[in-house]
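Shared chain: chain A. Partners: chain B in the first complex, chain C in the second.
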Partner chain A sequence: MNMVLQSIFSAEFVYSILRMATPLILAAMAALLTKKAGVMCIAFESIMLFAALGGVVGSAFMHSALLGVLSGIFCGVIVAFIFAYFVLILNANTVLTGLALNTLGSGGTVFALYVICGDKGTSTSLSSLTVPNVSIPLVEKIPLLGSIVSGHNIMTYAALLSVILVYIFINKTALGLRIRSIGENPQAAESVGIKVVRTRFIAIVLAGVLASMGGVYMSMGYLPFFTRDMVAGRGFMAIAAQNLGGGMVVPTMLSAILFGAAEALPNVMQSLRLPAETMQMLPYIVTITALFFVGGTHKGEGKRHKK
Partner chain B sequence: MVNNEYILSMENITKVYSNGFVANKNVNFSVKKGEIHALVGENGAGKSTLMKILFGHEQPEEGKIFYKGEEIHIANPLAALDYGIGMVHQHFMLVPSLTVAENMVLGMEPKKGVLFDYKTAVERTREISEKYNLLVDPEAKVEDLPVGFKQKVEILKVLFRGVEVLILDEPTAVLTPQETKELFTELLNLKKNGYTVIFISHKLNEIKEICDRLTVLRNGKVTGIADVSDITEQEISNKMVGRNVMLNIEKEKAKPGSSVLQVKHLSYTDMHGKQVVKDISFSVRKGEILGVAGVEGNGQREISEMITGLLSGQTGEILVDGKALSGASIRDIRLSGVAHISEDRMTYGSVGDASIEENMISERYYKKEFNRNGLLDFKRIKECVNQLIQNYGIKCDNKDAQVRTLSGGNIQKVVVAREFSSNPKVIIANQPTRGIDVGASEFIRKKLVSLRDEGVGVLLISADLTEVIETSDSIIVMNNGEIAAYFEDASKVDETILGEYMLGLKRQSKEEAGGAYYAE
Partner chain C sequence: MQSRKIEQRFRIIRMLVAVVIALTIAFGFVCFVSKTPFETMGNFLFGPFLTVRRLGNIVEMTIPLLFTGVSVSIMYSCNQINMASEGGFFLGGVAAAYIAVTFALPYGIHPLLCIIGGGFAGALVCGIPAVLYVKKGVLPVVSSLMMNYVSLYLGLLIINYVIRDAQAGYPCSYQYRDTAILPDLFSKTNVHAGLLIAVMVLILGYLYLYKSQWGYCIRMIGKNPNFAKYSGMNVAGTILGCQLVGGFVAGMGGAVEQLGMYGRFQYQALSNHGFDGVLIAILSHYNPKFVAPAALFLAYIRVGADIMARSSDVPVEIVYIIQAIIIIFVAAERFLEGWKHREIVKASRLELEIKGE
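Presenting the complex of A and B:
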């Protein structure tokens, strides 16, 4: 037990939380954008998976990590685009569309993987590149803090930056104001000339970019290759983080970090000799526990008839 | 015919809805610049349709609209706003979590570089708010504001968009008396500033107080245009209500027995803090139809929902057959003998996607007679449902038809068949014949009378005065959440008399109106 506590209160553990939280923060920011626009998007799993594969394949064929990241984002945005088209233009059910895309993501990436590298499990046969880690000069020299904050993957810094950008976008720009208004009262927004469908489309595509970055990180930072279903529910945990954060940017980020901690914890608790499977359940147990506590605090529509 | 005296005129407007309902027939409506013009009429008289046409929500079948001397076509609300015609809806078009200033500039946000310039938004809001003396805190969140202030924000929003003609759709319906007073001061101030206001209402005292001219609609036609100073409230009332058709319901004089439904000192305050039902007491006796007349929104809906358990949080007592209903579940209330025809038949009356059969057994499926060995006894159910379909003459392919596919009259018959066959002691019939064909209406009224003859007590709430007068034995009139009058003998009143009480011109003394309550 002592060993576990020691490892929890260590710089390496805090460092690994940020590492684990990176894709969650990015996807949670994406979930926040769609939520603000009043769209229940659950397609992040699929967006992230396609982006992860797209990044690996792009970097392998174009021999550039940057082009790999861009092609990953491109793939993810296409999925977001399909989602938006079905939901906004064809008026398909949002949850069904999301489910269909997620199922497609799970099967489609394996299919594409097999076609490209003849393997149904991982992309290790491709010589794909990774996004490098960077050390922050000066900061890295600060004891303790340096070893937590410095030396992360570029995508981790991008994730933290995205929190600031999303905050500014939603709260300080005209488009953000419009997105908030269509999410809350689309009729009111429409009555003053805001194009609801177009604005929602923009929000979904922007969310697609953010979630795709989270996906790319999975295969070009967290791991140096793609494996099947490597997103492993992170798209859903992001939605949970967004809920837990009550639709606010900073609490959403903190929730994503909490879930990140739940993912990092199993590594340091190996010394307890619990079965690995038990430890792997932890993030999901934390998620559902968190939702239990947050559930009662939101105003639900179904409560009109409750006495 | 272009008359420059008028800033706006609508000529020969005819609007027929796709179901054949004629909402406006050759309506002429003209407004002078700088006046407050009242558009008056009962519910369903065509006021809202006319204003929807003016605001671009609906397109008329016939007719022209002239604005500032030129013919215009209003394709949608945005076009109306561009012309300078704005509407303040009854249901506010505001985003609750945004501040007043943010709501104000939504769609035309001031910018500083790439960012939204909130400071300028606040400043502009403060400016316009002070200019028109509609004082609201620009930085307050809309959700924290009371209704009266939300309305101010709505009016400001319209003014902010450069509107010259304001349509206010029953603006005082949601306001407390103090807020109403404030609104009137603000409207008079706008008038002074040269704005034109169209004021939709059926509250005659308010019209008398602030309007210059008025147009009265009844059944989609204009029945009067006048200067408010030239017309008495009595005359307006006569133009608004009026006999449409004779119903000729044959019935014998009621022989009322003891009270089966007693309502004692019932009050209800809605979520906005407005008291919509104010200490009312009445009884429905066995073998009697008690009619409730009144303009909609004077507490009738709340009364019917409180009795049937859909609404809770009231003070006072409701007794069925001497037993108090407080705390009873809706099933308990039904089991104690209350049947309910809701005014909203698609939400509370029936399930549109379910079959006739499912709708009919929806309040009795759990009863012993419809179950066998823990499963539903579909043989019994089928017998029962087919019998009801036959008895109530419901036109359908078979009992499995989706209720949504039936005509309005037949849907209502499904509801009525279920409610009337539940062995009720008292029936709460809220707008039982609204929007349905003459044949079905007549059938339902006759059924109500025959149930009355069997000793059932009926509370008939209806906006159709002719129906109330001809079907009821006694009548209470609701005004502003109170019983304004009680008439023990419905055959001694007519539309004109009821109209005066409904519109608040007259009011019986407490003792007279108190006659509606029978202790026994």
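Presenting the complex of A and C:
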């Protein structure tokens, strides 16, 4: 037990929390954007998967990590675009569309993987590139803090930066204000001349960019290759993080970090010799418990009309 | 009346168009991958009907889908997007495996207890998201997906640490006792007695949803919770109740699948039956009456894809692409809307003219 406590209060553990939380933070910011626009998007799982595959394939064929990242984001945004088209233009049920896209994500990526590399499990036969880790000069010299903050993947810094950008975007820009007003009351927003469909479209595509970055990180930073279903419910956990954060930027980031910690914990607890399954269950149990204590942003049928 | 009939007809037309679009896109993929696209597609479409064995495969694959289809139909009828039938199916199978391995019971009673045990496990899994919704207002979409992962790892924990057969050479449970196995119905195929249970569940599910007071409450809450509430229905209780019933059916499905098709528990991942159930429920418009054709259709394209994957280099995952395209087009309300609208206008004009005469 002592050993476990020691490793929990170590710089490496905090470092690994940030590493695990990176895709969750990015996807949670995406979930926040769609939530603000009043769209229940559960397609992040699929967006992230396609982005992860797109990144690996792009970087392998174009021999450039940057182009790989861009092609990954492109793939993810296409999925977001399909989602937006069906939900906004063809008036499809958002949850069913998200569900269909997630099915497409897990099946379609394996299909594409098999066609491209002849393997249904991983993309190791492709010589794909990764996004490098960077150490911040000066900061890395600071004891303790340096080893926590410095030396992360570029995408991790991008994730932290995205939190600030999303905060500014939602709270300080005209488009952000429009998105928020549509989420609050689309009819009222429309009556003052805001184009609801177009604005929602923009919000979903922007969310697609953020979630895709999370997906690209999975296959080009977290791991150096693509494996089937590698997103493993992170897209859903991001939605849960957004729920916990109550639609606010900083609490959403903190909940994403909490889930990241739940994912990082198993590595530390290995010395306890608990079955692997209990540890794998942990992030999901933490999510459900947290949802139970915080409650939904959507009030239950019983409570909605009490006033 | 006329326009409702047209609406109904269009629902079917839209579904057929969705299927055709999906198959066309699939054919595009096949052309892209395979060198002999027509032969491959022929295998996919007609292969399943060629031998008795393959026809048997279709029926075998349909059995669990009937359970999850009915389960999801019940749960979605009150407008709860509860995906936990996936986890319920899995944990139901685990519970049945545990009972089938551990207890010595006589023929007849043993499978019955396994199935009931599986049902309770499924009800537990699907009930938790419902409790979260009713008590705390947490939308079931996210919580139920989290439940799926919890039930996967909980199930694997039981299989790999409590009833694992260390001598088997691969991770699986001990063999089920002979008393627990569901017998096969026909020779040459593995179609097992679970089919009879599935048909029973289908009929009971239909009666429950469409011919009983509970079913009426469920559907009314699904259509308009406020109306249901103000006419004095117990909204929270009904939502919770129908999620439990739906979960029970999903768990039963998992149990039946284990006892009918396998000699020991071998899954190491979620089996995807619950998500297939969602597709079936959508295609059948949450009516158990239409669950059987939808499940047969899905099983048919599964078997077809299997044959195609074995005889060519097109991976079996193409089924998921087809599935996704069908769901998305069936869900798209405005797809073909213009056509439908014109038809309704034409019909009502006709009616007016007849009345005018």
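For this structure, a couple of remarks:
Definition applied: the second predicted complex is superposed on the first by the 296 of 307 C-alpha atoms of A that agree within 3 Å, B and C clash if a C-alpha of one lies under 4 Å from a C-alpha of the other, contacts with A are read in each partner's own complex, and residues count from 1 in each chain.
The criterion applied here is as follows: a residue touches a chain if its C-beta (ideal position, glycine included) is under 8 Å from a C-beta of that chain, and two chains touch if they have at least 3 such contacts.
Keep in mind that this is a model prediction, so the values were computed, not measured.
Applying the stated contact rule after C-alpha superposition, one finds that A:A11 touches neither chain B nor chain C. Legend: residue contacts after superposition of the two complexes on their common chain; A:V192 is shown touching chain B, with no touch to chain C. Once chain A of one complex is fitted onto chain A of the other, the partner contacts of A:R178 are limited to chain B, with no touch recorded for chain C.
Once the two complexes are overlaid on the shared chain, A:L99 sits against chain C while remaining clear of chain B.
A simple residue count on chain A separates chain B from chain C, and the partner touching more is C.
Overlap of the chain B and chain C interfaces on chain A: none, as no residue is touched by both. The touching residues of chain A, when paired with chain C in their complex, are 40, 42, 82, 86, 89-93, 95-97, 99-101, 103-104, 106-108, 110-111, 114-115, 120, 233, 236-237, 239-240, 243, 275, 277-278, 280-281, 284-285, 287-288, 291-292, 295-303, 305. Interface residues of chain B facing chain A in the complex, by the touch rule stated above, are 77-78, 81, 92-98, 102-103, 106-109, 111, 114-116, 118, 157, 161, 312. Every residue of chain A that touches chain B in the complex is listed here, in rising order: 168, 172-174, 176-178, 180-181, 184-185, 187-189, 191-194, 307. Only residues 29, 32-33, 81, 83, 128, 132-139, 141-143, 145-147, 149-150, 153-154, 156-157, 160-161, 221, 225-226, 229, 235-236, 239, 275, 278-279, 282, 315, 317-321, 323-325, 327-328, 331-335 of chain C touch chain A when the two sit together in their complex.
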